[in-house]
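You will see chain A twice below: alongside chain B first, and alongside chain C after that.
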Partner chain A sequence: MKRFYEKHLVPYLLILPAMTLVVVFGLIPVVQNVEISLHKWNFVTQKTYVAFKNYKDLFTSYSLFPKVIKNTFFYALLKIPPTIILSLSLALLLTKGVFGQNVFRGLFFVPWIVPTVNIAFLWMYILEPEYGLVNFLLGKLGILGPGWFYSVNWALPALGLISIWKGIGYFSVLYIGGLQNIPQEMYEVAEIDGAGPLKKLVYITLPLLSSTTLFVLVILVIETITEFDLPAVLTDGGPANSTNLLVYYIYQRAFNAFQGGSAAAISTVTLVMLLIFTISQFRLSTKWVHYEI
Partner chain B sequence: MKPKKLLFGVLVLCVLSFGIQSVNAAPIKIDLWHAMGGIPGPTLEKIAEEFNASQNDVELHVHYQGSYYDLQQKFMASIAAKNPPALVQLPIEGTGVFGPTGALADLSGYLEDDPEIGFEHFQPGLLVDSWYKDQFLAIPFNRSNPVLYYNVDHFIEAGLGTEAPETWEELIEYSEKLTIVDDDGRIIRHGFSPNLHWWTLTPMIWSNGGNLADPETGTPMFASAEVAEVLNLISDMVNVSRTARVYAGTVFSAGDRARADFNQGKISMYIQSIGSLAGFDEELNLKTAFVPRFKDSEFVVPNGGGSLFMAENLTKEQKDAAWEVIKYFVQADTQAFWSQSTGYMPTCLPALDTPEMTDFYSEKPNYKTAVNQLPYAQKIPSSEVFLDIINVFESAVQEIVISQVDAFEVLEEAIKLIN
Partner chain C sequence: MKIYQTHRLFQKEIGKVFRFVIILLFAILVALPFFWMISSSLKKPLEIFEVPIVWLPAKPQWSNYTEAWVQAPFSKYMFNSIFVSTSIIIGQFFTVILAAYAFARLTFPGKNLLFLSVLSLMMVRLEVRIIPVYLMVSNFGWIDSYYGLIIPMLTSPFGIFLVRQAFMQIPQDLLDAVKIDGGSHLTIIRHVMIPLSVPTIITFMVFGFISHYNSYFYPLIVTHSDRFRTIPIGLSRFKMASETGGVPWHYLMAASAIALIPSVIVFLFSQKYFVRGVASTGIKG
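So, the complex of A and B:
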């Protein structure tokens, strides 16, 4: 009897507090969200059941949804590879024993701890087409700077630029941690075998950093798909919906158009997308991530 | 024995007086949500303070909620949470957007019964946007209409005299004369800036015979040749003749940017609410005029600004208290003070006749333009879906003007997005 109690009851009692939080703030809202997505609802009047109409509407030509998905993928492409490459490069530089290394590590980390809204306002001035610093410097080089947030083509890259700048410091700290875990002997052995700097990077550093890269990648993808603050503060999703990203669009459907059902449907689709990505990422990662040294 | 009795007596007295005091001094708390930033913000707070100082029955708390858009979102959320504020200041489209929710109180009973303030208290043209079906929801408080601001120094310098263009055809001509290009081909002054906002574009669209939505049913109808013509005209001014400059997006908030540039003389004419008038430099030689019309049509403008609405879900005492607040906000003295501090027009007729107001107008005639223009004001086609309509419409306008594509196709695609 005592064994039964210890084996089947105690563990559940122990996870109960954590599970309560997950269920109340995680699972129940998800289920509710699915339920709302099957209705037409403006938050105030009675819900009317419309089955899968909200989902079907997303994929008609009458919906911005395809464009928003395209924007979000383009944004991910603009942001994720440069962030990974730049933060890794920075980490490599900052583990070489450069003068004032620790000061630089601290400095590069600063943008990460500043709230995004403040950063957005800062860059609003830096990227101002007429009086901003960037276009001023471009002008000195004889280049006519683009309109940035005023331009349909440049607004999204501008958001990407800000986001990359903000993230590099943080992700390079993760990479520095990863680099410090690589045993020095491996490099010494490689040197004895005659490996140059490039070979050491490709055959030792990158493979042994792969678990860090996986973590960085997952965080970056989630961050990109759930990006909200930058478009909300800087562009309102404009001009002409060129910076309308997934989560901002959910917000617009819910609180500009008061289409609760439609917003819930997009949320569900987003959830499914993130699930597919995360599961497939962990499956695929067994092929390229090396946890053991 | 005696001291104990005395003590008991004192205690009883204390409890009694405390009880009586708390019955007497429990003012009813009323919350008012508003969207007044800039100069109007502190002015509104001052009126609230004066109201609180003037009596002891009602305690008014005002809360700034951001722009009208933000305010409407929060108000909708508060209705959903069944906890709306007693009073809310909503923009001109508020009647149509929130009328169908049933969350707003019908105020016609108060207006019929109150000996001091009835329907005839207000400027008649201002009440058309107050009715949802047979319910009277909106008490005009900070009301405006769009006017044309122009820089008189620039006009004189360009040999255009001191009078504003009356028609769009003239305005286009004037813009060309007012625009200055430097030796490198860079434009250092634009003649005009169209405000790419549904409300400031509406007079131009109406004057050309179009509309954003059907005023009866609320169905969107901006995908028309009349609207496309107007937008192509603006796009040409911006991109082809380059005599107009646009501000889009929330960067520096487009309206603030336009105002800053007008203040600095970088644009010569622009269209904005009369409610912005108090925000300009004292030294700036500016004048306000009617928004132009097309050559073959009449002047026409939408009503604008905000009104006070009361929540339906209140007790009788709370409603009466909220009505006291409304009365204070729209009485002649308050309106005269409010109008002179901000530029919004006085919403009540008695305020117009006060000596302060007549003196003020003869000294600063710019402020009177909106009142003079009021006979040309019309009801906006608001409805439950209106916020969605203007959101989609403004995105389409940005696309047309910034990407320089043909207006009609973009509008036809955009109108399908509304459901």
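So, the complex of A and C:
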């Protein structure tokens, strides 16, 4: 009897606490969300079944949704490539034995660990058009600084800038981890063959870092699609909805406009986007990621 | 030959200096905003708006800190933030370690499917489940309570993933030795798994503390009163003040500076493990 208990029951008992939470607050809500999205509902009165109307309405001419998707996509373009390039460069610089490199690694990490709300307010002040630090410094260089969060064209780039600033330290540490896994002999062999620094970077470092890059990319995409704090604190999605991003829009629809069904439909679309992007990255990665060293 | 060597050495030194200068520039870009935060938190209101800007206040206004702190019930917010994040990571410690052990070391029907469903939550983030989660928390009567802030967060898919990786690397011989002595699974976990995975466990707990301390989205949605609001929500109340008048930047910067102290302290104490732990987040080829 004890053996039976040991073998068959114990594993389930061990995962029970975690699995209960995963199911109750993770999996059941996914199903419920789809169910809510098929109804018109203001959270108070009876739900009315409307089939796929909420989804169709997202793509009508008066809907903000296409703009929100466009904003999110643009935000991803502004943020992801610079983050990868800068954090990789920083990691390369920080693994070559520079004076005080551990202190620097720690310093670059700090923006990642402090609350985004703090970071947002700090940059709100720094990017203030009239008396902010950045426009003052730009003025010294003879450049008239833009209106940042007050400008339809500059608000989203400003969010991107803050997000890059916040993330490079963290992602460079991920890259440092990847770099430390590359055996030193590979470089020595390449040097004997007469390879210069550029060749070593292109033919050894980058290919052997590709699994790190995949990981970084997946995190960045998930992070970008679920961005909320920056638009919520800095812009309320404005001006003129130029910084209204997917999750902020869900929040607006659900908790300001009380359009439960519509907000659930946007959540479902966002969820499907997350799945498609993440899974396709892993699929595509077989073409460019080298796993063995 | 000698000239060549000196030349190489010289090049190497130049490279070193060059790299150092670039890193220093990066460091200034990272540090300058924080310097600006501290400097502004000590300014008089008028110095805030001065152009050309005031790098350092003529006379540091230390009283800004005490005044900012009473603009809203910040002591209460701070207590809530620390209490909630600490409770969460203590709870996660147990749920994560037990589940990670089962997933790493035991075989049972449905294991892969169950593990996959845990992992899927790293993708299907709370942000896209928020409406049903909000309704559920509300049905339990947990809106505006510590239960609502803490209980739904008591496990961490990322933690299970990370700790499972660490547990899988522990040699089977060690487990067998305990089993021969008649030790149970809990003995194995306590005396073998945990002691041999300290850096990973610290990494995930520090990560958890920081991310829950910093969290804005979820507490914003499940709290309505000052009794349960956390620091990030408290800070964002300065924005409401800004709609009626100018933003009180000197207070906002002072309160922000205090608010980031817990994160920084936790980070400094765990940096040794944390940075190394992140660097090896199971992404070896």
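Quick note on the criterion: the second predicted complex is superposed on the first by the 275 of 293 C-alpha atoms of A that agree within 3 Å, B and C clash if a C-alpha of one lies under 4 Å from a C-alpha of the other, contacts with A are read in each partner's own complex, and residues count from 1 in each chain.
Please note the rule applied: a residue touches a chain if its C-beta (ideal position, glycine included) is under 8 Å from a C-beta of that chain, and two chains touch if they have at least 3 such contacts.
It should be emphasised that the depicted structure is a prediction, and the values quoted were computed from it without experimental measurement.
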Practice prompt. Applying the touch criterion given at the start, work out whether A:F255 contacts chain B, chain C, both or neither, answering first, second, both or neither.
Written response: both
Discussion item. After the superposition on A, what does A:D57 contact: first (chain B), second (chain C), both or neither?
Written reply: first
Item to complete: Considering only the touch criterion stated at the top, classify A:S151 as touching first (chain B), second (chain C), both, or neither.
Response: first
Discussion item. Applying the document's definition of touch, where does A:T212 land relative to chain B and chain C: first, second, both, or neither?
Written reply: second
Discussion item. Quick check for you: in the superposed arrangement, does A:V114 touch first (chain B), second (chain C), both or neither?
Written reply: second
Fill in: When both partners are placed on the shared chain, which of chain B and chain C touches more of chain A
C
Worksheet item: Between chain B (first) and chain C (second), which, if any, makes contact with A:T45: first, second, both or neither?
Response: first
Item to complete: Could you tell me if A:V233 is touching chain B, chain C, both of them or neither one (first, second, both, neither)?
Response: both
Worksheet item: Just which bits of chain A does chain B share with chain C as contact spots?
Response: 43, 124, 233, 255
Item to complete: Spell out the residues on chain A that touch chain B in their complex, using ranges where they run on.
Response: 42-45, 57, 61-64, 124, 128, 149-152, 155, 233-241, 252, 255-259
Worksheet entry | chain B residues touching chain A - in the complex, by the definition given at the top | 69, 73, 76-77, 79-80, 100-103, 247-252, 384-385, 387-388, 391, 394-396, 398-399, 402-403, 416-417, 419
Worksheet item: Which positions of chain A touch chain C when the two form their complex?
Response: 8, 10-12, 14-15, 17-19, 21-30, 32-33, 36, 43, 90, 93-94, 96-99, 101, 104-111, 113-118, 121-126, 130-131, 133, 136, 165, 169-170, 173-174, 176-178, 180-181, 208, 211-212, 215, 222, 226, 228-229, 232-233, 247, 250-251, 254-255, 260, 263-264, 267-268, 270-271, 274-275, 278, 290-293
Worksheet, complete the sentence: In their shared complex, chain A is touched by residues of chain C numbered 16, 19-20, 22-23, 26-27, 29-34, 36-37, 40, 48-53, 94-96, 98-99, 101-103, 106-108, 111, 114, 117-118, 121-125, 127-136, 151-152, 154-155, 157, 160, 185, 210, 213-214, 216-217, 220-221, 231-232, 235-236, 238-239, 247, 249, 252-253, 256, 259-260, 263-264, 266-268, 271, 275, 278-281, 283-285
